[in-house]
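Several structures are given next for inspection.
One chain, subunit A, appears in both complexes that follow, with subunit B as partner in the first and subunit C in the second.
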Partner chain A sequence: MFFESIKMNIKSQLEYKSSFIINSISQFFIFFTFYFMIIALFQKFNNIRGFTVYEVLLCFSIIQFGFAFTETFFRGIDRFEDLIIDGRLDRYLVRPRGILFQTLCSEIDLVKIFRIIQALIIMVIALIKLDITWNILKVMVLIFMMIASILIFFGLFVLTASYCFITVQGLEVKNLLTDGGKNLAQYPISIYRKGVVFVFTFIIPYGFINYYPLLYFLGKTNNILYLFSPFMVLLFLIPCLLSFKIGLKHYNSVGS
Partner chain B sequence: MKAYFNYFKLRVITNLQYRAAALAGISTQFFFGITYIMLYLALYESNTSANVPMDLQSLVTYLWLQQSFFALIYPFLKDQDLLKMIKNGNLAYELIRPQSFYFKFYIKMISERLVAASLRCLPIIIVGLLLPSPYKLGLPASVESFLLFIVSLSLSCLLVSALSMIIHIITLFTIDSRGIISGYSVIAEVFMGAVIPLPFFPNFLIKIGNYLPFRFIGDFPYRVYSGSISVIEGRNLLFGSISWLIIAIIVGYLISKVALKKAVIQGG
Partner chain C sequence: MSYIIVDGISKTFKVTKRNSGLKSALKSFFKREYVLIDAVKNISFEIEKGEIVGYIGPNGAGKSTTIKMLSGILLPTAGNIKVNGMNPFADRRKYVSNIGVVFGQRSQLAWDIPAEDTFDLLKDIYKLSDEKYEKNKSELVNLLDIGEIIKKPVRSLSLGQRMRCEIAASLLHDPKILFLDEPTIGLDAKSKKIVRDFILKINKERKVTVILTTHDMMDIDKLAKRIILIGKGQILYDGSLEKLKTKYGSYKKITINTKENISDIKLKGIISKEKIDNGYSFVIDSNIITISKFINYLSNRYSINDMDIDNEGIDDVILKLYQDYEI
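Up next, the complex of A and B:
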């Protein structure tokens, strides 16, 4: 059913072809600036606390992949305040499916699919240049990192959506957590000072997504525990989903 | 003239309503400032022998100024009122008003930026000045460079608004606004040094940047403050700033005339 609604969404967006093309191109360029920053900086510097440019690009492309994926396919939850404000949520409540599920089905933003592709391209380039001795564990850790990256942004979106129950309006703190966090996590988290590392490892677990597993992936450590560190994101999902449930229980319609 | 001034006053009062947004803005700016500084610190510390184009203190100062005056000169401002008017045709009403359409919206944009920036910049500057050494917002290199900073920053705000006006008016011809505005913003952001400061660019991009108006918006004021651009060079750059401003206003004004003449009112 989720795929069915995705298909419908794609169809409707492709109706406006020229606008779709212009937007896709500009999407591609906007996100190129992030990569541009990294590449330009590494023209002047050759490492950042021991990480080389391709290691940083790999680190960033994983985060970027998760963010782009969530923004593309889970757009509805990102724009949850709209659902509350225009009363669509009330309609969802009377339908025999989960609210979260319906929200996910409600909207996808096809234009942003180019960011996913872009992130994957950068990832592949980084992987080729890095000269990694592949084995089954390394493939596993890469897949774990990518899935965890999707899940963390999903969790953050759900968390801020549940905040909308209280405030109705969207929240700028959300940009701080997602955009800001994403910005911060584009580099291996160890380059920052201790306080920042603590917050973005144990409170919002960015560190478990693209730092600890990355160390294992790059062969900087052999500790097998690091391989499974992306699973920490599941712990993070629990309070997110819980707060959404609580918010929903206390939801008052804004009226129509 | 008086009508424009009154309009300006009205817009300032309206915009002052958004104080909560300013608070959120401050925290975002602060967060970005700190993370960028930490990033550059890590880069400088792990490459002590590297040939860096800016010393650390001017770079940190640059980053703080950038965060403090973000609202004054960010290029991706979208005037929703204007865009909506263009889309739904209410622009036609503007044609019967006695004031110039162009200058009315130009003033609206400037006032919006001024209010947003004046609500945000002081807390960030004060905290920046009080921070301990590597994170500190430095003092200006000299009285003269400080004066140049003030003048060039004011020109920046005027210039970025004039350029925004051009982009907004162009959407009159295309209807779809999202692609054009975001495409323009990317180029502007890169070449005004919002992503990384201009001196860190590869050489060929610096050359391109010198021919574009955007370096006068972000790069020039922030670097002249810390002395990374000398006072003499700054004085010369001021001419560039002023000429780009005049060009941008004239171009914007002319195409607004053409656009309005051509405007087809789509139904009533």
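Up next, the complex of A and C:
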């Protein structure tokens, strides 16, 4: 069913060919500016709290990868308020499949796929320049980080989607959590103040998916626990999914 | 035991109260004020398998809310629903594979691509076997005459064509119950007829239980033997359409064309009197006062240029019901 939906989605988006091409190109290039900013920053300073430019770029690209992946494939959840407002949620509720699953299938933002590719390119460049001594554990931690990065944004999207059940106004909260958090987590969180570090480690576990495993990956620590810290994201998913379930019970629908 | 049992359900909505302006917008972000609105209050009814029930009432009466609770979209604030032994909200995923829902004003078809592609997706969603899907699809396509239509992008279809596709989409999985929320809204006469004939046919041949809401009284007249009238969230009438008609069917509408002023008539059996462009329009109850007596009375006193006698349509009957119950 997922692939059938994706197929349909792609068909729909390709109905408007020229708009698709222009958007894709602009998506691809606009986001390079972010990376240039980092590089420019490091022209001035050699390192930030002991992190070199490619270490930061790696950190950055993992978060960007997770975010771009979520935005591409989980767009339906990102735009959950639309689902409520235009009544599509009612439609999903009368179909014999899970709501989140149907929402996942509902929309794919094909254009943003270029941001995933871009993040991967940056990641590869950083990895080459970093001169990593590879072993199986390092491969594992990198994969864990990438998956956890996807899951954390998925969790955040679900959380804000649950908030839509209460009100479709005031979605600024969402931007604070996702965009704000994302921007912070793009850098190793040790460069921030204590309070910020606490929030983005124990409340929204950006630190666990990005900073700690990165330390292990870069050989800055040998503590094997750091390798498994991305699994903390699973704990984070529980309240997110639970709040969605509760939200659904309070769903009011909109008049027809 | 009845097929559908609705036992004392209510639905209360919490609506955020908010005044316009930036200041109150900010305020409402921190502290919300709520108003509780009872969309549906303590409704009970039962429906047997194979019935067609017209669920009618003015706008905002609670029709859609009831349908949404029956189809598992909304959780009732109080009361119980049992359909074929299942609770629509709690057993949602199992329950909804047995129902089809058509929201007249909301499409379930993907806008930019042909309806047939949506059908293919539905096949996956409902996990239909190839044979069952093909058989069902070709049957529906034939009955609704949409063979060509389903190959065109949905955005290029007329409303009537789209609605026929919608109905087909809702029946692909062969549901036992069909909910139709204003299925004929905005359709032309031909499409209306196709839709109505089709509903009758699937009710007869597949024994599908049909519950429809509508504002079009012709729908009710042609389709439903039983109606449930709802107003202000409560059931006002539940019974046969025939009974309703005989009760109000003795009403005749008489239009008089006259230049004179007709003052109050002191006769029994006159239901209403209304001043219109070049005369008056009366509704009388022919059980109490015969038409000839009424006309005699008028023609003896006033000069009448022209007149017209009409049976009251079902539309007027319903309007009168609304008036009787003051909704």
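Everything below uses one rule, namely that the second predicted complex is superposed on the first by the 254 of 256 C-alpha atoms of A that agree within 3 Å, B and C clash if a C-alpha of one lies under 4 Å from a C-alpha of the other, contacts with A are read in each partner's own complex, and residues count from 1 in each chain.
Just so we're on the same page, a residue touches a chain if its C-beta (ideal position, glycine included) is under 8 Å from a C-beta of that chain, and two chains touch if they have at least 3 such contacts.
If you're wondering where the values come from, they're calculated on a predicted model, not measured in any experiment.
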Exercise. After superposition on the shared chain, which partner residues are touched by A:Leu215: those of subunit B (first), subunit C (second), both, or neither?
Worked result: neither
Exercise. First (subunit B), second (subunit C), both or neither: which does A:Ile125 touch?
Worked result: neither
For this session: Could you tell me if A:Leu93 is touching subunit B, subunit C, both of them or neither one (first, second, both, neither)?
Result: second
Problem set entry | More subunit A residues in contact - subunit B or subunit C | B
For this session: Could you tell me if A:Gly50 is touching subunit B, subunit C, both of them or neither one (first, second, both, neither)?
Result: first
For this session: Could you say whether A:Ile117 touches subunit B, subunit C, both of them, or neither, answering first, second, both or neither?
Result: neither
For this session: Report for A:Lys11: first if it touches subunit B alone, second if subunit C alone, otherwise both or neither.
Result: second
Problem set entry | First, second, both or neither for A:Val197, with subunit B first and subunit C second | neither
Exercise. Can A:Leu241 be said to touch subunit B (first), subunit C (second), both, or neither?
Worked result: neither
For this session: Mind sorting out which residues of subunit A both subunit B and subunit C touch, each in its own complex?
Result: none
Exercise. For subunit C, which residues are in contact with subunit A within the complex?
Worked result: 13-14, 16, 25, 28-29, 32, 60, 64-65, 68, 71-75, 92-94, 96-97, 99, 101, 103-106, 108, 110-113, 117-118, 120-121, 124-126, 153, 181-182
Problem set entry | For the subunit A and subunit B complex, residues of the former touching the latter | 18-19, 22-23, 25-27, 29-30, 32-33, 36-37, 40-41, 43-50, 171-173, 175-176, 180, 183-184, 187, 191-193, 196
For this session: In the complex, go through subunit A and note every residue touching subunit C.
Result: 1, 4-5, 8, 11-12, 15, 86-88, 90-91, 93-98, 102, 167, 169-170, 249, 251-253, 255-256
Seminar exercise, completed: subunit B contacts subunit A in the complex at 21, 24-25, 27-28, 31-32, 34-35, 38-39, 42-43, 45-47, 50-53, 176, 178-180, 182-183, 185-186, 189-190, 195-196, 200-202, 205
